[in-house]
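Given below, in the form of structure tokens, are the structures.
Two complexes, one shared chain (chain A), two partners (chain B, chain C).
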Partner chain A sequence: MVSAVEPKTYFLPRQDLAKLLDRLHDGGRQVIGPTIRDGAVMLDPIERVDQLPVGWGIDNAPGKARLVEQHGSRVFDQPPGPSSWKRWTYPPRLTEFAWTDAAETDAAPAPRRPKPVPAKMAPQAFLGVRACEIAALRVQDKVLLEGPVVDRDYAARRRDNLIVAVECAVAGGTCFCTSMGTGPEVRGDFDLALSELDDGFVVRVGTDAGRAALEGLTLPAATSDQTAAAAASVARVRAQMGEPLPMDGLPDRLMAAAESPRWAKIAERCLACTNCTLVCPTCFCTSISQRSDLDGDGASAERTWDSCFTLDFARVAGGNFRTRVEDRYRQWLTHKFGTWWPQFGSSGCVGCGRCIAWCPVGIDVREELLAVAPPVAPAADPPPIAPVAPMPSIVPSALTLPTPTAEGPRPMPWRTVEVLDRRRETRDVITLSLGTDDPGLLAGRPGQFVMAALPAVAAPPISVSRFHPDGLELTIRAAGPATAAIVNLERGDTVALRGPLGRGWPVELAEGRDVMVITGGIGLAPLRPLLDHMLARRDRIAHIHLAYGARTPGDRLYVDELDRLAASGVIDVAQTVDRAGPEWLGRVGVVTQVIDRIMCSCDRTIAFVCGPERMMRATVDVLHERGIPDERIWVTLERHMDCGVGLCGHCQLGRYFVCKDGPVFSLAELGPAFAVEGL
Partner chain B sequence: MQNETVNTPDAELRDRLAGTWLTHELDQSARAELARIGRLVRVPAGSILMREGEVNDVMAIVLEGRVSLRMRVPERGQVSIVTIEVGDVVGWSAMVPPYRATSTAVALVDTELAQFDGPQLREAIATNADLAGQLYPVLLQTVARRLEGTRLQLLDLFSQRWVEPW
Partner chain C sequence: MPGTRHASAHRPRVGVVKFASCDGCQLTILDLEDQLLAITEKFDIVEFAEATSNRSQGPFDVLFVEGSISTPEQAHEIVQLRRQATMLVTIGACATAGGIQALRNLADHDAFNRAVYPQPQLIKSLATSTPVSEHVAVDAELYGCPISGSQMLELLTALSIGRRPQLPDEAVCALCKRLGNPCILVATGEPCLGPVTRTGCGALCPSFGRGCYGCFGPKEAANSASLAAWFGTLGQSDEQVAREFAKFNVNAPAFRAVVEAKR
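Right after this comes the complex of A and B.
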């Protein structure tokens, strides 16, 4: 994004700051910088120097951020305020896509489909970016630009940023950038960097674009005294922050403390108000909500910032994975300081201290980190002001996730498909046969899913329940407005699909083995393509056992199909129901009671499991008793998903995003993260 | 429907018991003792093996077939609670006071059972510590598995009670 050039240092007299501001505005650039608004330092469009917080400081402490008038001429003597640059690079609210009519022909009206709404904006200069905030931009770049799927809006907003950094001259009471190794010195990724002295600014040039912004200002080179004063100023800031926190091994320490009683203690104070995540410059979780015009003609999907502290964040059709505040606080802290490392190669925290200052009850992450995950052995002689070393990865060496480019989802547009057939499975479950010639959709693997969208209702993730050469099937239970709308589609209707997404079943591992397919309820749907796949290669697989549990006999899916399979003897089919009347002559009981009697060569058996997580937990216990190791037990997980490509954050589970790293995992991959309450 | 008691030599019943999940880990002498007091019984589909609430003086191991355990709910009739498969126990209540059946057992298909007279089996266990030491753990395991299964059923994991945003 910026090309590094030989840095050169200049001096900008204070009275010339306005000239620099004018130069930043050149070419129609919008300048965003700090200003006083709503009793705080906010980042807003800046036209004039007097809009900057000249003469203001901030008294910062846990739960406290008060403006203090200092009556001087200094401009940048404040620690970060509640606003961060993501407000401009990753806006709190934007239209993700709008439903538009495709080009119509005389033959037939074209179906409506979602189209992305591109960002329209002038190039921007960010004035007053602190070292920790440069690190925060880097962190969000990694998340939103360097994953298997790029956030197009973010990419457009970041493309032409001119970064004018400012080296801190004061440390707030909540700052801890020295602990996170991000500051206070501005070391890179800037176009220009300012160090404020009493009579002006030492200006460092970081890039050609930065140099161009100085053209016409005829600045003198900074004297050695001026550069020394700037260095001394930032050194004082480092000293003010005191000893860095003991960060060595923190991710592992945190994950080992998943059951710490401290989480419940924190939850006694935490209001789950979401302030910490909204002021955090790196938090990136979003939700997508649907909007429709009153006349019914227009519909769009609006993306808004969300927070893992909201009650609905981990809600799925059928339950909620994080009902307790302590679960949500643990999620936030362990992600920010722990699982961010294996996901993105850095900490998710940059030490700006916003979450501490803007917590209404003054919860201090510095204190909580030490309480939850204390250092194993306190260093006898800690280096006083050294930047932290990179933390070790907590990814086990046995991890078998594919690389994103090898198998992960890639950017893909919405495709409109037509409903060819609609088949009722149970009183609330329908299978839709959808026609498409889109090679992407048809190339899906067993276990993958699609996002299915209709105007004005949410786009739920739905597992593909069968692939055909000219289409696919979705088996859907009406659990809310969106799934009810999809279930009610009739032959000839259209629906928009994006996918196939996620990592499917490792079908190749079934070859040469006994296979147990264990499932319950609608969990049979994502396993059906796996059964299709194995039946098409029946001679390569030893025994196939299907154990299927349902609530009642009337809640079973694909009844005729299973009966035919059972009668054919090609695979063993054992069905059981939780409750039944005397007319039911099949099994009654849970599926675990079926599988603990299946005769198999357990030393060569692989198990594929799908169902409610509690059912899968009980199933795994039986499989373990039967000697089947974690490496040969594969499960598919359900989590809240708004995007399906790892960008909205909802489906995070430990170090994974279920949508893109899963939804299929081996138990060995999940490790202790499987079926833990509140994770 | 007529139950048929098959006259089998002890050795044959002992061998059949060696092939069941419940008793295959018992040692030879324990299985021989069970075979001595046990009998092989064949019952046709629909046979009622015990009735809920009545004194139950028979414990059996299913050797072939399948048995449904049912409970009566006045407004719903007979509700199937669990199906007993080959190798599992029907009538553990014959071993535990007050020796009353907790459910009604119905053979769903033609079924073959290794049947034990409750008082006789209790007497054998009371006088044979070795048999008791081997049989009670597997009986307890059977009851524990059934309890765990019942709890999972109680959770009603496949129900759909919530209306969600999607």
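Right after this comes the complex of A and C.
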């Protein structure tokens, strides 16, 4: 990590670059820098100066990056190539954790559990980091280090980075850092910064570590002519890029263009090949895949770079949120240039131009941004970008996760828990009661969820359906192989849990109010802890209405509990089914018809809703008709989740990660992001 | 727990059969040398003419089918085999798309017959070479010319321990980027089918500096028209573009559409 000290400027004669390279290698450091490989400038390990791209330039245009031999001795006259530093800070493949194998002992097989795989790498020096790339490292630092859960491997790699920046002396045809405010001048967050002149380099020192790397080189101070030449060089680059793009209000412009016909036009050209996202130095999305032998032994979870352009990216059991390519492109562009601002406090784009040059069909984001979200005449007082809504203080537990540190334990470890009991709820739904004395798991709140992992099988997110003093319950439908494996667990089996995760229902908001709990089918599971919580404080809540729909009477969960509750009269229970046989004496019809009939004081009612988005949309319409505002309608959302802790990117929605900012949201928080097709 | 509870269950009966094909996919299975013993511990291989003289007519828990349907007899036989198979998995470009021999689907089959054979009336072949899925229901597909050994192993592992097979339908590009290959199309202007081709080969050709031939067929949502148009801007004639797509997966709809439009 870089800390600022008083800068001082030196001159490194060209022939002494090798000496600097030697110094960078000191202490066993691996030096990564630009080199010509396979017809492009790549960022690879560098041992000698002659591996650097001496005398090469690049002709960059949309969909085009050709090496051009320039026969000079200059080293760094190229715009960014297809590899970025994230290859070294955030590797394309990584073993996330390995499973212990089943070890037979005298007594019984030891339960298998996930064990973290420590990162092993030499400290690295990055030689030739451009201004836009320093900005990109800052962007990824924000995403991966500022929690609440930190990426431990990234933290370890970044801690040991020595950043040797290079100020650009040429702009590529795809560069637009001046539009994004990230360059071309190197302004901070470096250990050393080089500006290349014809006979050598002006060297700025940014940190003590940078100064230490110069020790023993006995460099002269840079003359005023040399520093002036360096300044003139980077000024020429700024001029080369021309007029910056009109970025004012871009996030709002993009959000307003959510239904633009331009998305479909882009999809006619877009290959959904993932190149733009994987060459992007800030895109951080990953997926977890399972490795094992035929027995399920030797199992590990491997993390790989993924992209919001793949079909699998937004897949959930029984559906997919972004099947159309236009929706995937919209997701990428609106996140990168729009919702990244309220989510992380900056743009996700640093203007390096990689996505333009390395798009196989030359799609130019500069052009598409202007077409999708054209600049508008400046308003007298442009509305500021709203920051991410702070978590309501009523759910403090989600806010007080341990502060992550690079040295400390991973703050969201896997805990092995034992199956105490297994109950069948319906034909295809099982409730598992799991025993644990882990205080973290026991401190969960209504509406939170866990990731549940078994060896060699994907770990799905599962809502907690009850917290009890000795553990918790999960109510699970076998929707696919991963959930089927969990459903098939028997008493005495073990499963690894990560959690409780996310933000739960705002239970305190129910106090003094009428409460409507509206759900269908298995959607009752994440609401059951909320009912438990309210029933334990029954005197503090006015009326509680539960409206519960199911396909058939046999698809209802917790039937005995519901019957007892209904009979006791402590809450009003209204049940309805889509279709029923003669044995059913209750209502037939959709759940929204039930809500219509609930007698409530709607000016003091809060509603908690869980179900498929189409059902929730219809429910919300009815609640609006009854005068309940967005602030008092809370929903819980389903999205693809691979990590559950805000690092893998799959569940990104608008300005949120559903896993860590949700899954419970008020409609006021979601705004236009609620129940939009393709988001 | 998966992998422990299912391990001692009965070994599924597995067959491997072929239609019009070169046997390369079957050889890919046999190339899994280090894994073959473990595979036979998990699966009872009852029919695999390339590997064993023990034969079976079925029934099969899992039947792997190589090759396209190219003759009237094959069209009849695949229906019979489907009735013997609980799960039918097609393997390779021939079985999943019709193979290189489906080039005849876009040509005059009778003219080919007359040109090649002295007595064409003795030849009983269909006018088209078609994927198995055009004849019977297929439960899973492994793509490629030939298939990938590691994908076959992944499918067998998934069957063995009960997980969803991890067979991504993303483009070859995604792996190229993870491997650190610069894009051939962008860096050299040479055609590469990687952006519209399903991953699975290990990005073999681009890793050796050669554009992708499309052996694994179209990825999901393959936008071949856009890539073909881009080849045109790089200076390729319509005929050259058509030839790029007229290879092992010429009959896959996303590739065939380009060939028909450009030739």
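Criterion: the second predicted complex is superposed on the first by the 631 of 679 C-alpha atoms of A that agree within 3 Å, B and C clash if a C-alpha of one lies under 4 Å from a C-alpha of the other, contacts with A are read in each partner's own complex, and residues count from 1 in each chain.
The working rule: contacts are C-beta pairs under 8 Å (C-beta built on N, C-alpha and C of every residue); 3 or more make two chains touch, one makes a residue touch a chain.
Only a predicted model underlies this, so the values are computations on that prediction, with no experimental measurement involved.
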Return fit or clash for chain B versus chain C, each positioned on chain A through the superposition.
fit
Return first, second, both or neither, reflecting whether A:Glu268 touches chain B, chain C, both chains, or no partner chain.
second
Quick one: classify A:Ser260 as touching chain B (first), chain C (second), both or neither.
neither
Looking at the overlay, what does A:Trp358 touch: chain B (first), chain C (second), both, or neither?
second
Which superposed partner A:Ala458 touches (first chain B, second chain C, both, neither):
both
Please work out whether A:Gln51 is in contact with chain B alone, chain C alone, both, or neither, and reply first, second, both or neither.
neither
Output check: A:Gly611 vs chain B and chain C. Expected answer is one of first, second, both, neither. What do you get?
first
Please determine whether it is chain B or chain C that touches the greater number of chain A residues.
C
For A:Arg87, is the partner it touches chain B (first), chain C (second), both, or none of the two (neither)?
second
If you stack the two complexes on chain A, which partner ends up touching A:Pro481: first (chain B), second (chain C), both, or neither?
both
Looking at A:Val279 after the superposition, I want to know if it touches chain B, chain C, both of them or none. Which is it: first, second, both, neither?
second
Nearest approach of chain B to chain C by C-alpha atoms in the superposition, in Å, rounded to an integer.
5
Take the contacts of chain A with chain B and those with chain C, and give the residues found in both.
312, 457-458, 480-482
Considering the complex alone, what residue numbers of chain B touch chain A?
21, 66, 68, 70, 76-83, 85-87, 106, 108-109, 145, 148-149, 152-153, 155-160, 162-166
Residues of chain A defined as touching chain B within the complex:
312, 315-319, 428, 457-460, 477, 479-483, 520-522, 549-551, 555, 576, 578-582, 584-590, 592-593, 596-597, 611-612, 614-615, 618
For a test of understanding, state which residues of chain C touch chain A in their complex under the given definition.
1-5, 7, 35, 38-39, 41-42, 153, 156-158, 160-164, 166, 168-171, 173-174, 177-189, 192, 194-196, 209, 219-223, 226-227, 229-230
How about chain A: which of its residues touch chain C in the complex?
37-40, 42, 44, 63-67, 81-83, 87, 92-93, 102, 109, 112, 267-275, 278-279, 289-290, 292-297, 299, 304-307, 310-312, 325, 357-362, 454-458, 480-482, 484-485, 488-489, 493-494
